[in-house]
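Following this message is one structure expressed as structure tokens.
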């Protein structure tokens, strides 16, 4: 596979995938899912709600200066850019990538109390932080080229009959901040949160069943043997947004960490479980997108 | 449901389900499964092999005197009994229960080194001991009555349209030594081994995939929310014998621990996973049985 | 070591160690410890409190008839017996063993909702059930003989210079319902609760520190390599009562499970940690006892 | 505390702490410790051995160009720099930091097969990768200033009576690549490896005891509540080199992640366990150092 050359000194520093802006139809149901079961906390709330969709995929840059450079980069590439006001965030940039993914960048947000040490407030799956997104799009190659140009590194990829099926792109030193998979899109396949350990995956499944919500557990706990190698649990929130939980991952930092190639269909995406059709086929539209 | 009265002072002491006598077609493949993956050790071996089937379900009584009383009890109930020589075991009784399950009782076996403390020899799923059997048979009620008469206590049961679908019977203070489920039989649905903790279930699944044997993982890890409540992993050995691994269970010892009734189909036998059809339908014949 | 002959068919059936009656000085502090941190629930409460001490060690017999036989057995052995009224319990027998341990036997208690399946109510260390007691007394040999006579089986013992230092006695098929250790007494060294898995030991330690109560964590998590072999965590409640948590244990049921002998001081009671002096020396007086 | 301003766009990219060069007196004993117990694999070996000491602390830069810039930076700061030949590594730079720590930088090493996915080869503590070093030195402030100037970010620090006692410095997005603590030095306090989960800490302790090496377990498993917040296990290799194992850590990437200040002695470095004196006082000399 002819892969684009990595850019080791990109002109700006996108640090990580950091947040997701979603629309949900029932805030109480979402709170039960994300807070009571996943273990997140509410940092602000109002009464807005709407047709379920994904508004934006959020990423962080390190500094305000990086934000300006990102804006210039997207504008030079011909994508629309807009500075917007977003509550609790400093300057925020909206733009779009070659796949049509609606993106949001900022350098800083208001901070909240760090909860990592507060073992007494751990509950549910004890989700720690957002880790990555998976986008489905027919433009996998274009996405690879464009993100590589912004300093993202390719950690793993899947090839089928000579064409790219899936690319894992990362900035923060684990295998993925954003993943693109070849299907009609752009649509969001899932966002993923890290949880502390494997037993948290099993415990939250118990909680879903005890709450008569076992239908929200889609697939797992199992392991994505390829690509990715993480143990995972795939969930669906009350509006159908897919959320993946996974306990930890390998580091990939050194320059000699070459991208790992997998050949479909030999790869084992569910490990010992065959993924259900809905895991392959159900994805979430971006707001106002026709796809 | 009209249940038989428990017998709290049975005339003999059957202590536990203890062992299984199986026929397998390939000893090397079985060794890889039971030793390398499940974590058991070989205590003796020869070259015998045959058509895959289950010869006998094995139980222990406490004393040699109990063994004679068990023989008398089965004989009085009209079942054939036979004293047989079994290598590594003291006096051994072969008989049959109302379902047609071929049973083997003994009081003592030759002992081997205890391995519980040998953390350096733990490997694979680290299976600790055999825990229980599940038999499929249309004679669930007869089995309940007969085993209750021998001092087994009913811990949980499933009712469908007023008739018994499943009974959990125990002697050793956890929910089951033997389970009868209503289907054509007698055939063996599974035997189960206890493993130390939940993470061992996930680890052994990894091992199956790494060894390109993920087809031997049938169902799970998940939790039998009802009946039983144990986390479990359902495996198939190279000959198709089903083996369940589970990490621990509740105790049920006191006289006021009433049997728990579940109403089918509301019970959640796979927790958050719908059991695959093969888990319901595939069972193993007893040797020489026509069923 | 000359050990008493096991009694395999005792005239009555003591099933397990089941409960402890303690006096504490501050009910709110005790509730924080036992409920918020250990994970138990309150089933009844009043405002009684007193000087910290242990009133009684509680055991269950299977039937009301067993209770009468136990009374006759203790009376025949010359120990005072008394039938008492205890709230929430049926007929209750108070008596004393050769070590001077104040004992309480009953066959049944009022039941409460089973919580084992209620994963949503698990919290803290998720303690599941009381498992065993350890008594310190100079009368280790007398205790061994007397309990053996009641059908308790010796699972492990420690010998120092030819005399018994410690005996593990069991009825329920794991290594201990009651343990006697050679020191001035009778006093209670600890009672022990089973928790589901090892990670619960680590999690509850976090909770103690987060609550500025790390002084209540006395020793561990570690493993009693000998005798016993269980991973454990030793805690002290707000009144100094020692509570041990442990995640699981081996089964010992068969007649050929011979008692395991350990030779002091070679045994490794803290595994990789040297027990602190207070773990050896601090014990709790029984109410009204002069020792 | 007046802290140096972070450098968000350093002129070169040091990516992580990556390796340690140690001298040991008995290669077989070291292999037993690092391979059989910690879970590492040997990638090359010869028969060299010597007086136990630490030769060099190793770090990675991203590119060969970064390596030249690092050399220029140290030289301009007045530190000796030397290009050396090191087997299995590309161009390698030796230099010294303000504390006197002997450092080694390189951009690339020969790679070996990735083992992350090889669950069948996991053993012992299943150590995944080197994470960080702790150096003791009276020059904590100078070290903070110098490393900050190279783009390291301060994640946590301890203050006692107004002066810096401890600084945690990181490049890879978790709390530490290198830690400096105020004591006579420069000497190495420990290097740390990440393991997958908490249960691996408990399991490897079992292995040390089973192998009669419990003396090599120094402290833990416990949690460094402050600073750092990681669960850990502190070990000593056969030559006394201290190795810390820890299962995971928080991420710290965003610009608004301010350094966390702890005030000694209120901080809880052992969580619920008081660190043993040897953990505070025993450290390892650097080769040819007089301290």
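Observations on the structure shown:
Each chain carries a letter (A, B, C and D) given by its place in the written order, and its residues are counted from 1.
Quick note on the criterion: a contact is a pair of C-beta atoms (placed from the backbone, for glycine too) under 8 Å apart; a residue touches a chain by one contact, two chains touch by 3 or more.
None of the values given here were measured: they were computed from a predicted structure.
The pairing of subunit A with subunit B is characterised as same-residue: of all residue numbers used at this interface, over half are used by both copies. In terms of C-beta pairs in contact, the better-connected of the chain pairs B-D and C-D is C-D. Our note on geometry: subunit B versus subunit D, Cα centroid distance of 50 Å, whole angstroms.
Computed from the mean C-alpha positions, the centre of subunit C lies at a distance of 44 Å from the centre of subunit D.
Touching of two or more other chains is recorded for residues 117, 197-199, 206, 209, 225 of subunit C.
Of all residues in subunit D, only 117-120, 122, 197, 199, 203, 206-207, 209-211 touch subunit B in the complex they form. Subunit C meets subunit D in the complex at residues 198-199, 202, 205-206, 208-209, 214, 217, 221-223, 225, 231, 268, 271-273. Every residue of subunit B that touches subunit C in the complex is listed here, in rising order: 8-9, 13, 15-16, 18, 60, 62-63, 107-109, 111, 114, 116-117, 128-129, 172-173, 196-198, 225-226, 229, 247-248, 250-251, 253-256, 258, 260.
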